[in-house]
């Protein structure tokens, strides 16, 4: 499936503000970027680096005034999302070194708080993929998915109390539950074709059966059309933009994902 | 200054338990390990890897029964700890790429909650090293250092409420306050010669004046004798031991740091 | 300066052939990629990874038949190339860890063979940048630059004997001479606006005065318009394409670099 | 099997000389270092870093006069070396990213020169492990192993001409032959219990059947007792010591490997 995904962001900046952006999707095992555009207005110096998770990040200092970012990517993604009911739990001692850090608690995923709850939710399920399916199903029925219900990231503990959240909040809770069962889990930020309402999206991946699998509690079923922009332990690592100094929010954020070809 | 630092840990294990240990100090810019010992009883297979922060970590599965770890290191450290009153704040855009992740909130350092408080504590101080000194001084006078007061890591927000903590808790709060001022900060776990009561120790480092500097709110002044074992964003990354499965605590933990030569 | 650089390659493949390509320039300190295209015909699965030098590499298996690659990049580069006559030699003990491997001999740069010759060429020059200038000047006057004179990489020793070479050969000899003086040096492959005849290009960088500087013995002076695609120790690391199995050469290779805006 | 391996090196230094040493074996999948010593005389500042291959390297500047290094390691190694006749060739497209660079030619392994010869040596053997066995057997019968026959590294092409070499030379030729068959291969430097005459040793590893296997053409059979100090593409990467400035050779080099426990 070929998709064209675009994101336009505009900020109103009052003082020169350092930004770290993460809006350039990478070609990887799951997707191939055949064309890409990344324009800034005004056109200012940018420096790109690769973070610890392999994400391409852009550093710049925005001058005061309107500052806008326009990105487009043409992406080939698989026609279906891999699923593997029954894929086994990987014992900690057999996990690859690079996956171990996704077992640890992180800013928005206080996994050490969820041992008992995760045990209850997954009771009776086979260890591994099926536990993560049980968690995702539980999220679907217990946490109301309400786009726009939170501005800033909410931690898993808080989302569990509120019982409502945006895509990122549901993902954080799913991640915390997985990790409390010693299943590595990570946040993915990106695009989803057909998302309603269209916006940037977040979901999570769990490591079972010797690879990462996609899970998304905000959708009733896993359809094709995911385009990953960034990976990390949680939203602290994977922010589409981080700015330093006075808070700024986009005065305009416009996202589109179309099928091409 | 030559030090011999040793740590003996014994666990009572009920079921085979995967462990990740971090008890092998590395030679680096600040210390040189000239002799080292790392013994396990029973003698079981161990696999060592380097984590994202450069720490040497040991993976193993402990069999049921008593499991003990005995480590000794002879270390040359500097005769004084570098201090640099007046060292300037490094604007975010000038920080090395590898330092940026130490600006982000993490599990036990909810830095995004401390903007106002950090501003008040450091009001009137020069940007950079002197702000961190003000934070350390504030911790000394406002948070009671009480070894043994908490078993598990407490986050910066909680430590600030309780006004009491162990070394790690004070370090977490110091780190959160620094990051909220856009000063990169990280946790260090290791040994301190002369610590009362002797035990493993934790302190923090802040990045100002183009390098990392040591800060320790648990001591009235910075004396020599620090030996670093591990670095990370907070205690989630830098755990002397992480075990997976039923919780275990050391039935014996014995730490010694002596001057040699 | 904004440039549009494109490269079209076509191969005639007899048996399924694994390729590793390196044709996606990265945004970095010296250049910003604002738009990019990367098309393959036929459209086959591609997997991208980052090599040890930070280059983006594409892995694929070409089916038999015609296989073509079409890449375009819109790049902002500096309006002039940084030069720093007098920039000092960096003593080995002060070099960053990551730069040390560029001191070692490599496949096409047998630097351990050039100690005496490098000493003679640079006699009387200040240590550092000026030595590299002397080497570049010596290459210009002693090794005839003849595009098309070699198909496969020739080592520095051989180029020195033949006294003629393509851009890559001159760069290899320049690198070997630098390293023999304990100056780190690396190969860069990419585009040069205005190159005659137009083709992919290669030049070298030397590390003096605490950063990498560009040198190019094939041009009478350093003009703006360099676009880097890949970096490495020599052509063994930085190949625009590496194929495994029977040798293949492009039946068509078409490169263009135009000024835009 | 528990071994105690020690190496004493003494140099006579005329001018202050920067060194990069590689004499600290790492605990890894194949070996566990339980005790270790690393002493320098005179006792000078040392800085340790991890190179691109995961080796621990020590940087220092030796003052003029006698400079000596004394290292000891107590190591647990397997009681036998894994062998896997029949282990299959891994097609290039299935190799892990991190292994690909071991397919490329390097300073002392001009693998692109050996296509025909490697084909002849391995004709009739199953692809993979058995090809490497054929290469090792060929080395045993065609290249005379003569400790002390070369001081500086000799490349694979030269060793093939001379038909005689030290352990490192045989390893280089073995590596070049493997790579020319698209089998990743790397050099290992370390200790071998029972080596005659005792000295530091070098052998090679080839990647077949989805992991690295040990090969050593200098021994009539693979016995246990290998302790790895460093890994790399060839001797340019894995030098027990690299010094910069006037050449120096050890005035004393004393190596011991004893069985303990």
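As written, the chain order gives the labels A, B, C and D, with residue 1 at the start of each chain.
In this text, contacts are C-beta pairs under 8 Å (C-beta built on N, C-alpha and C of every residue); 3 or more make two chains touch, one makes a residue touch a chain.
In this text, all values refer to a predicted model and were calculated from it rather than measured experimentally.
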If you walk touching chains, what's the least steps from chain A to chain D? 2
Classification of the chain A:chain C interface as same or different, half of numbers criterion: same
Furthest chain, CA centroid comparison against chain C: B
Where among A-C, B-D or A-B does the C-D interface show up again, with more than half of the contact pairs the same? A-B
Cα centroid separation between chain A and chain B, in whole Å? 30
CA centre of chain B versus CA centre of chain D: separation in Å? 36
How many Å are there between the centre of chain B and the centre of chain C, using C-alpha atoms for each centre? 43
For chain B, which residues are shared contacts with two or more other chains? none
Pairs of chains found to touch, sorted by chain label: A-B, A-C, B-D, C-D
Quick check: in the complex, which residue numbers of chain B touch chain D? 26-29, 32-39, 43, 45-48, 50, 54, 56, 58, 76
Considering the complex alone, what residue numbers of chain B touch chain A? 18, 20, 49, 51-52, 59-61, 91-93, 97, 100-101, 103-107, 110, 112, 152, 182, 236-237, 242, 244-245
